[in-house]
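Dropping the structure in here first, questions after.
Going in written order, the chains are labelled A, B, C, D and E, and every chain counts its residues from 1.
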Amino acid sequence: MLKIEGLVCRYGKVAAVRELSMEVAQGELVSLIGANGAGKTTTLKAISGVLPPVAGRITFLGEDITRAAPKRILQLGIAHCPEGRRVFPHMSVLENLEMGSYLRADRADITTDMQNLFERFPILHSRRHQAAGTLSGGEQQMLAISRALMSRPKLVLFDEPSLGLAPNLVERTFEIIKGIRAQGVTVVMVEQNAFAALELSDRSYVLDQGRVTMTGTGSELLNNPHVKAAYLGA
Amino acid sequence: MKQGLTIAWLLFLASVPLWLNNLYVLHVLIMAGIFIIAAMSLNLLLGYTGQLSLGHVAFFGIGAYASSLASLGFAVHLLPDWQVSVDPKPVWFSMLCGTLIAGLCGWAIGRLSFKVRGAYFVIVTVSFAEVIRLVALNWVELTQGPMALNNIPYLRLGIPGLFELSFLRKPANYYLVLAVGVICYVVIRRLVHSRAGRAMIALRENEPLAASVGVDVTRYLVLATIVSAGMAGAAGALYAHYVRIVDPDVFLFIYTVTMVIMVVTGGKGTLAGPIVGGAIFGLLPETLRALEAPPEVQWVTYGVLMVLVVYFLPDGIVPALRNWWHGRSAVAAAPAPEQASTEAAR
Amino acid sequence: MSTSQPDRELVVDGLSIRFGGLTAVESMSFHVAKGEILSLIGPNGAGKTSAFNAITGYIEPNGGTIAYRGIRLNGLKPSQIAAHGVVRTFQKTSVFMGQTAFDNVLLGLHLASRQRPLAIIFALPSVAREEKELAEEARRILAFVGLEARGALLASSLPYGELRLLEVAIALAAKPRLLLLDEPVSGMNPSETASFMQILARIRALDITVLLVEHDMKMVMGVSDRVICLNQGRIIADGPPAAIQSDREVIRAYLGERYTRAQD
Amino acid sequence: MMSRTFKTALAVLGATLLAATASAQDTIKIGVTQPLTGAFAASGTYVMQGAKIAEEQINKAGGVLGKKIQLIVEDNKSNPTEAVSTAEKLIVREKVPVMLGAWSSTLTLAVMPKLEEYKVPMLVETSSSGKITTSGNPYVFRISPTSEMEARAFTPLVKSLGIKKADFLATNNDFGLGASKEFSEMLKRENVQIGTMEVMDPKATDFSAQLAKIKASGSDTLFVTTAVEQITLILKQAKDQQVTARIITTGGSNSPDQLIQQAGDAANGSSHLVFFTPWFPEAVKNPDIARTFVALWNEKKHHVGGLTEGFRGWDGIYTIVEGIKAAGKAEPEAIQKALWGVKVKGINGDIAFIKQGPAGRESAQNVPSVYLVKIDSGKVIRQ
Amino acid sequence: MRGKIPNMDQLLQHILNALILGGTYALLGIGLTLIFGIMRVVNFAHGELYAFGAYMMYLWVMVLGANFYLALPLAVLLGVMLGAAMELVLLRRLRGADIDTTMLVMIGAWITLQNVEQMTWSGVAKSINTPFPSSPLVLGSVSLSWNRLFVFVVALALIGATYAVINRTKLGKAMRATFQDRDTAALMGVDINWIHTATFALGSGLAAAAGALLGPVFVVVPTMGDLASLKAFAIVILGGLGSIPGATIGGFILAFMEELGAGYVSSGYRDAMGFLLIIVILLVKPTGLFAQKERIG
């Protein structure tokens, strides 16, 4: 479904991703793990078109999206739920969700989708007129996920969904992500909580200094002594 | 080597009135010199502390007015029945007053306006200059308002009965401006290569980090403002006693813009930057005048140059030249690490 | 409350911090003993950095007191707090990017220098003498963190790991007695982390007390004398590393059930 | 593009050099510093145009001392510092023996120290501040009236117009404030009550607050002193706010033609003190000269509203040339001495100088004529 | 009847004048709050767009003889186009640059535009004829011109329209989203470049509208933009950056301060009121009177 070959990304002179290649199949839940600065977030940014890569090739459903505009990539069905939730703080919950469906014109379906989300997250419904910045961290995470789903994506990129959340909320978030996958949406997730990420995912890529150093199924990596030492703090 | 070059430059500048017999060109050089001093003073704020003060002309104007008023004497009613009058003072003393009063204003303004940063700071400084201009325009009893202060005496130095130096003619004024300029240059140079200058650079580069190693943010910003304002005031005093008229138009925003262009074009945060920029933009109006270009063309040139400089020479001419030079010499021989480090501090 | 017990270097009592309606830190009390390395851990947003900011004067707490060696730090400016010997680093790499590594340390030596503005303007001989000493000192500090060969390079051209070392060098230049490090090894690879732990040991040997915020459990458990775990602005555990690792509350809130399983 | 500009520059430079060497023998230079840009651009341009017409006429008639005259015009940008620069350039670089300038009092005052420094006389054609001739600068020769002279000339009209209470609205500069001061003192002597005295920034465009105050004071006459652009706005806004007082403008920079054109019927009923009445040249002292000037002005297709300013340039240049003729040589000190004795038939009237200022260092002042005209149904009529 | 008019009438006239003036100040302010408050570009050229609107009005009505009511939207449209062009040429390549850099560029644009105007139209003031009756509208003891009333009504309508665009339309939401979080807005499929251009053009159009409306009331001169810029900054800071209701109220507050200050304190300091206000406000409450609270860090 998604294929990345030889991806290179830079911030100014500093290379963040060097010659990275990976693949995601339809319906998979794939996670990227690694230390800060390993290039996980940068890879997601390159996929969603926010940071155009310097070299390499990204294809999605057979179409080359390497230097496509974020708008085009979103239209093709890739939604990106950014690190730190990034809700629009001064806009209401409703407006945030409307921004999620920015590129859609099917008004009736948008309303249905929104109602479905409100049923799933009643707290968002009761706060729909409140400015998003006043929500708690967990509520903001739900809003950010809901907003990403409003574009009816085929593939969702989650960047550190558990970041800064209380542990029970972390569990909840992972449940939600599982649910999304269960509906047939493909998921790529970046997660600092390597243990949880490996448990959850079908497959994982371990990144170090912009390169893939290891890959395998979640349980394979969980039992890999090197991964244990470097990323599980054991 | 470096010192030799500086001395050669100084000797050359000092020799100008000896071989240049065109008084008009000398006049242009004097005016450019006064603006260079003002630009150097602005550079201390803009280039070294990184604060874009767009009210700098206020200090220039305050220096000009204070010095003129002290030398002319004045009488004002602070209350309907309370009159304060000051008798005319010698010009050298007045110029010192102008410098000190401008510095004092710098202290007051610094204390007040450094509560805000960024766009707010810019707007506060612009507003400050504009309010001062309106005071100069409307406090007619003190400033003569738009009638301007006229017949401002020129500087005379000497011991009565023994000898007297009078700064009426151009060569004398040229040397006066040159001397003040050199003093300002030396003071700024010493300052930026010291603990105080390093504190200012630290503030510019990373204010929270600077504070974390003990740099008192307000103290050093205010110190920079005082020195900068005092020098701008000295330039204003020079201006007042050379042109011998001061009117509220000295506070016009466009003069601040001119100084900013000089500093930015030459290279902010470099010692030579304002001198190079000041020389270019101090002489440009007269060059354009010689070409019989209408004044609008001069300003359009300013405006377009400003945009082009931001795009193509964002660091200014001096750093660009220095990089070019280093690029060349690096091919010949890699520079000693010590030398490179002190260069970058400048 | 006693704020001047001899072994208590820093005493935080009832600290509360709110942003608008959101509570970042809720009546937090803890102390740092002289000479120890104390780590603050907890999920992001638990209030660690907010507490750091309040101790070092970058934000005004809404309640509570902070005292260092009996001196109340509330209401002091960051520079004044630094002058008392409480120096910090920042979570996001924070150096003077446009300057060389050497000059970065020289800028950090602000408190070590005594020049007065007038002395500078008149170029008194004492100024030149001091400048020489400062340059010597800067070189010594660079060598201490292992960057002596990098002095002439612009900070912006240093690799990430060395930037983080330079950060520590700048903080050391301010002559700290209590050093607060905010995630110093985040983004470092394991070998860089290991060498940083050695530097930390040498810093400790200089009689500098350290307060550490860090996510890297290997580092935290390896260097700390004591660990405090925060969650949602409150302290949920305080004790030696071994106790923290097995604390049920900490496992539930921060380390996660899976952490204990991974340990097995 | 670049090279073209460069070539033009070279050509200009070359031409200037050539002109300088060629003209040294056969022309007499006269420096003119006027505001051709900036706040006073319009008026300065008119004066310059009037001076140019005079130059042409004089050269057509054979010039002076057997040589042609050549005006060197410099733009002082309505800015005192620039005015000083133009004086420097004219005197030091162009070596002019005499100058005309510099329109506003502030500009003239700025130039005056330079006159003393280089001992070059200047003919002042517009400025009204008393300070110019009382500060003891013997190189100043003024043909325009001071505010005090204007006020004195107005005295007989106070009774005939039936003024009982007057307000003032003046631009916040020497010109405006000086006029307000002199006229209010004159009116007090005539037992007229003074209402409110308002000022405005020379660049202001909204006078609603001042006019509301003036309306409330209930005076029968409002004296307005400022440039023509502001007068236009004041007339319009006074009408909007139903200010019923009679508006009289002073200072002579009021161009009634322009007011009729731009203020429309808001201009009706207002009166204006002028120093030249091109609508009825027969009213001035030397009607023939006035008619010639109006004809030449219209021939050049200059703005008709500029006549009341343009005549100053003409009178100025003729007076200067008369001075050069009397001196017998184009040298500053000779001209300065000779100007004292000239008698010129000008558009405004007969020009001759009296002494003003501290003894021994007197400046020269002409006693000009002043006329009051009124706008009625879109026409300028005598009053 | 000519006699003592009671002071109450003077006050009423001042209040009426301030209301009318406040409408146009608000228009200037909301144009700038879009650019300065939302885009964080210190737009020193704002006043030049104001002058541009006035000159376009002069061009259409006085030079080309177009109908007044037709010329007004045309002048505004040209202002929108000039604003869009400035954004495309000057600001696009500075995306993400710090505030000082864009400010220097806008100062350059300001100087250039003003002097091009001066070269094109000369410094002589121009006036624009209007189709309004020359006798004022009299309401008891106070009066105002029909032209000013028209300006007031149109200004209020434009303010209302802008408010609706920002709060009710998809474009408005995209604008707010973009300037709250540019990267995330891009992730929602918003074309960031287009939003920047549109916002700058909208703000410029409002400035041009203010100029086109006020040009016929006053006179048109090349330097008319300078004071307009500075007053607009005062209004925006007064109201809090980026707040449209704040800018509207700020516009009226400034108008009242100027009018009453000139009427009862000193008319010479009329234009100083705005600056004094800025200084006092920034020293007392640096975020402006109506700014929203934001969580820092």
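Just so it is clear, contacts are C-beta pairs under 8 Å (C-beta built on N, C-alpha and C of every residue); 3 or more make two chains touch, one makes a residue touch a chain.
Computed from a prediction, not measured in an experiment: that's the story for all the values here.
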Starting at chain A, figure out the least number of steps needed to reach chain B through touching chains. 2
So using the touch definition from the top, which pair is joined by more C-beta contacts, B-E or A-E? B-E
In whole angstrom, the CA-centroid distance of chain A from chain E equals 43
Separation of mean Cα positions, chain E and chain D [Å, integer]: 37
Centre to centre, by mean C-alpha position, how many angstrom separate chain C and chain E? 48
Please compute the C-alpha centroid of chain C, do the same for chain D, then give the distance between them in whole Å. 73
Taking each residue of chain C in turn, which ones touch at least two of the other chains? 20, 22
Residues of chain B that touch two or more other chains sit at 137-138, 294, 296
Mark out which residues of chain A touch at least two other chains, giving numbers and ranges. none
Quick check on the complex: what are the chain C residues that touch chain B? 56-58, 77-80, 82-83, 87-90, 94-100, 102-103, 106-111, 113-115, 117, 120-121, 123, 127, 131, 151-152, 154, 170-171, 173-174
Of chain B, residues touching chain E in the complex: 52, 112-113, 115-116, 118-120, 122-124, 126-128, 130-131, 134-135, 137-138, 253-254, 257, 260, 264, 294, 296-297, 299-300, 302-307, 310-311, 314
Spell out the part of chain D that touches chain B in their complex, as residue ranges. 9, 12-13, 16, 37, 75, 77, 79-81, 84-85, 88-89, 92-93, 105-106, 109-110, 112-113, 117, 129, 131, 135, 172-174, 177-178, 199, 201-202
State the interface residues of chain E toward chain A in the complex, per the touch definition above. 170, 173-174, 176-177, 180-181, 183-191, 292, 294-295
Residues of chain D that touch chain E when the two form their complex: 37-39, 41-42, 172, 198-201, 203-206, 208-210, 212-213, 215-216, 218, 220, 229, 232-233, 236-237, 239-242, 244, 262, 264-266
